[in-house]
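Quick heads-up: structures coming right below.
Shared between the two complexes below is chain A, which has chain B as its partner in the first and chain C in the second.
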Partner chain A sequence: MNDELKSFIFRELVHLPDATLFSDDDDLLEAGLDSMGIMRLVLFIEEKFGVTLPDEEIEPDNIQTLNRISSWIERHR
Partner chain B sequence: MQVIDSILRHQFYSPDRTAFSENDTNVSYRSFFVHAERIRNVLLHHGVKPGDSVALLLPRGISAACCIYGTLFAGACYVPMDIQNPVSRLSYIIGDVQPHCVIGDGERPDWCSASVAWIDINDPAFFKDEPQDDVDVIYRSGAEDIAAILYTSGSTGNPKGVSISCRAIDAFVDWSSTTFGITANDRIAALAPFHFDLSLFDLFTGIHCGAHTCFVPQSLTLSPARLVAWLEDSAITSWYTVPSILGFLAMRGGLAPGRLPEMKRILFAGEVFPLPGLVKLANALPDVALYNLFGPTETNVCTYWPVERTRLGALETIPIGGVACKAGLMVNDEGELLVKGPCVMSGYWQDGDIRTAQEQWYHTGDRVAYNDRGELLYLGRMDRMIKSSGYRIEPAEIEAVINRFEPIQGSVVIGERDPISGQRLVAAVVASDSLALNELRIHLKQNLAPYMQPYRIVQLDALPLLTNGKVDYQAVAEMI
Partner chain C sequence: MLRPLNTADHFTLMMDHEIRQSGLAGNFCALVFKLASHPDAEILSSRANAFVARFPETNVRLIQKGRRYFWQSNRDRKPSLFFHHTAETSEAGLDLIGDIINTATPATAAAPVAFHLIDMPGHSYFLLRWFHPICDAKGAELIVHHLLGDENKAEGEDAFAQLTAKWGVWKKIGMMYRAKRHIDSMDTISSSLPRTTAVVADRLKFHVMHFDNDTSKQIMARSMKEAGMMGTALYFIGCLMRALDRVGCDEGQGFCVPYAMNMRKRKALFPLLGNQVSFLFAQANLQQVRDRKQLFTSLREQYKATVRSGLDHALVPLMEAGSWLPLEKYGRIIRNTPKGRERSSFWFSYTGEPDPKLTEIAGAQVTSMFQLSQVTAAPSLGMLVSQYNGAITLSFNYVASQIAPEWLDALTKEMAAQLKGEETA
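The block that comes next holds the complex of A and B.
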């Protein structure tokens, strides 16, 4: 996964300074990613990757882990 | 409490109407009442007496609502606790409340002192089917008796309990039901956690009016389009929530004219609604009345402004409006809003009792001014309190936790302006030695609620000081 996105998630959304503590399949929602965090994440992805993420796809299934976020972005590239 | 008279009336005259629903469960007024009575009986069996307090460690939902009514039926006051709080904060609150008992889900957790009775919500006594004809034994609380204690962030570094009387809840229920015209035909969405004062509307106004209150499934707050669909499917007419959720829906929920056809009114409070989000919401839902409600937990709602769509384009920030809940309002020479009236708290709860009783005027700490229409405008805080995503946060509470961490020598927490949540927390720290940021993060997670976690921690060589030796917060804000 894009390092910039990964560090954004850990720095800004789940408040862990060190992403290495976390595997690509660990649960981000349990780690503290909340609705405001999801909003920030979606805006960040859209800006950085130039994709449009459909409103109805903004849901836990696509956001729960780093792997799911990656494949969500890939589907819209 | 008039809401207790109301539920007695509804369970008798319209027993089969739905009082609450949660996921696929509907509970009628009659069965809600019977269940609350059972809980009352269990509490009495545990020796709860009028004037005692009962702490609730339960997720928002029908069971917790039932426990609240059962507690009030016993003449006791309820203390809703945030199950997401770390153990240290929960045990502090239990120690401060000194409740007669705690109702929780499952076994007593290790942190909960054995000196407080623990009642498991799964206790079979709660479900015992026995005749319930003893309606008259419901305890009649006096107007000044405390009905609820809501814990909020404290500037001393510890959470503080705001004591809310039966009189204050009645006054809010009266005002909100008449001002917004809530009737038995309304369907109310309930999303606010019970330790938030917004929940008083969900718990009491709807029941008073004989309305149907639907608990919003928690997971939906993470998927705006599904939340909009749920509001539609549940035919919600009324919703009292925070701007950050409404902004999320307005931006990404697929709202447009024609959506939410049943919705009549949306009330919001807890933080300033950023104008772009509000304009988007107002345009997407042209037929829904929007109301900006204002007031700290200590006064509940003391002013409100019915959103005037035609003025939104010309405003820089939305007014907080005029008098709500029969409040007396005064602006002192420093520009601080003072409030008195029936909704104002009885005082702060400390060590098992009201230790700081409220004087006539409550000093809100909010700086306000009147505009040329006679509406109040919110200008900011007199002190350092931060509002973020509807949460009220005292930086001192976070700083106290940071300062307990070796080798921190000092810290300052500041709210950085943020278009999504209003403000975000940034911590500036000074450490004598190299700082293990990972371990500081873990320490913060163990001691502070999720919404109190700074999103950024900046290490400074020293905190800038004013000539009088106090920390120069302005300068800190510029450095981080």
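The block that comes next holds the complex of A and C.
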């Protein structure tokens, strides 16, 4: 799951010279994921993984790293 | 050598035509950095020359062939793009900035980019003025970054062209009609417009409002709480809708605001040129505007539904179709509802922090920044929001003869209160 998320983020939303060096615990917000990007990421997750992520849960604790996003998705599966 | 304008560039050229029709200078914008001291003007002058040599596509002029517009290389002519001014007071410096943004140059003769340094006692302004068809606000930030740095040029990353190349003709036609239905549905609510005082437009003026770091933090926390992580831009839009409603607007049933959606990847240093944006509308009726909670819920839901249904991208084929129309007809369709009323209540831009970060310019420390943009009359008002080192700046751009100073003063005070969540009487 993390690979698919990572691929989407660095292919579509954020530029990183070498995304392979970005770990699952690195900070996505520091890397450049912005509000528009978060919107696109949430819609990608909902479509790809068949979950509905409540708006009120879209907060840094759930978005900050790939591992946190995965846990968030798992809680709604 | 000719380079065609992309669809979004053409959109901004149409707005250039509309701005000129309003009696103003044209679609010129500026990115202004306030500096704590005087930078080395010689360094800036030589960097400007080096920049044009490294990016010759910025040394071009606009030409028209049939209904299409192109950038034509100026390679035999090397115009100076750096201008050094002095002003005796800060106020005179700001007046000079006003003169620079209001200098009317025909579209076919306008330099796409020009750099201005204004030295005043104790500090300076460094300003990039650009002709909007050449790039968007993010591109302007990148121009300043590349002016001061030496990165090698990267090729072939036009985000806008990459996106539109994925769509076939039938898909584009389907998207175009979806976008048209979306706009038709919005036109059932007539837009409230700033209260204007005259018919003839003359000059763009600006009022810059800086918030200190503590207040900015407080505003961003409130934005997060009320509009969510995805809604920073919507928070500023919603607060201005409420502020306008409170100070009083010309009659309307709600507010409709166009805003750009950047297609560039965050943190990418290229593409430098081309408007890499689609646009969206935020709309709210008066009942929603008067209920703060309902307003932000509604704007967030609207935004999510728009992106979920692909309407943000659907507007691109509509712009593409429009780019084949004469500028005047294209402008009328984009700006006006079928009843002939202006659709946009105000113009809006939110660029956030400059990225990459810019701390100094030719030896002088940057202390703050703001942006300027010409607007059409009506709506005669634009609000450009930026941040520097966390501090928020609002730049209110307005047509001098249309907007009364007292009304603008009341609006900016009400806007500050709305951002901080303070209820005014």
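By our rule, the second predicted complex is superposed on the first by the 73 of 77 C-alpha atoms of A that agree within 3 Å, B and C clash if a C-alpha of one lies under 4 Å from a C-alpha of the other, contacts with A are read in each partner's own complex, and residues count from 1 in each chain.
What we mean here is this: contacts are C-beta pairs under 8 Å (C-beta built on N, C-alpha and C of every residue); 3 or more make two chains touch, one makes a residue touch a chain.
Please read all numbers here as calculations on a predicted model, not as lab measurements.
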item	value
Touching partner for A:L5 - first (chain B), second (chain C), both, neither	neither
First, second, both or neither for A:L21, with chain B first and chain C second	first
Contacts of A:L66 with chain B and chain C, given as first, second, both or neither	neither
Partner chain in contact with A:I58 - chain B first, chain C second, else both or neither	both
Which of chain B and chain C A:I45 touches, first, second, both or neither	neither
Overlapping contact positions on chain A, where the chain C interface meets the chain B interface	12-13, 15-16, 32, 34-36, 38-40, 42, 55-56, 58-60, 63
Sites on chain A touched by chain C in the complex	12-16, 31-40, 42-43, 55-56, 58-60, 63
Complex contact set, residues of chain A against chain B	11-13, 15-18, 21, 29, 32, 34-36, 38-40, 42, 55-56, 58-60, 63
Interfacial residue positions of chain C with respect to chain A in the complex	224, 228-233, 261-262, 265-269, 300, 303-304, 307-308, 352, 355
Of chain B, residues touching chain A in the complex	219, 221-226, 244-245, 247-248, 251-254, 389, 420-421, 437-438, 441, 444-445, 450, 453-457
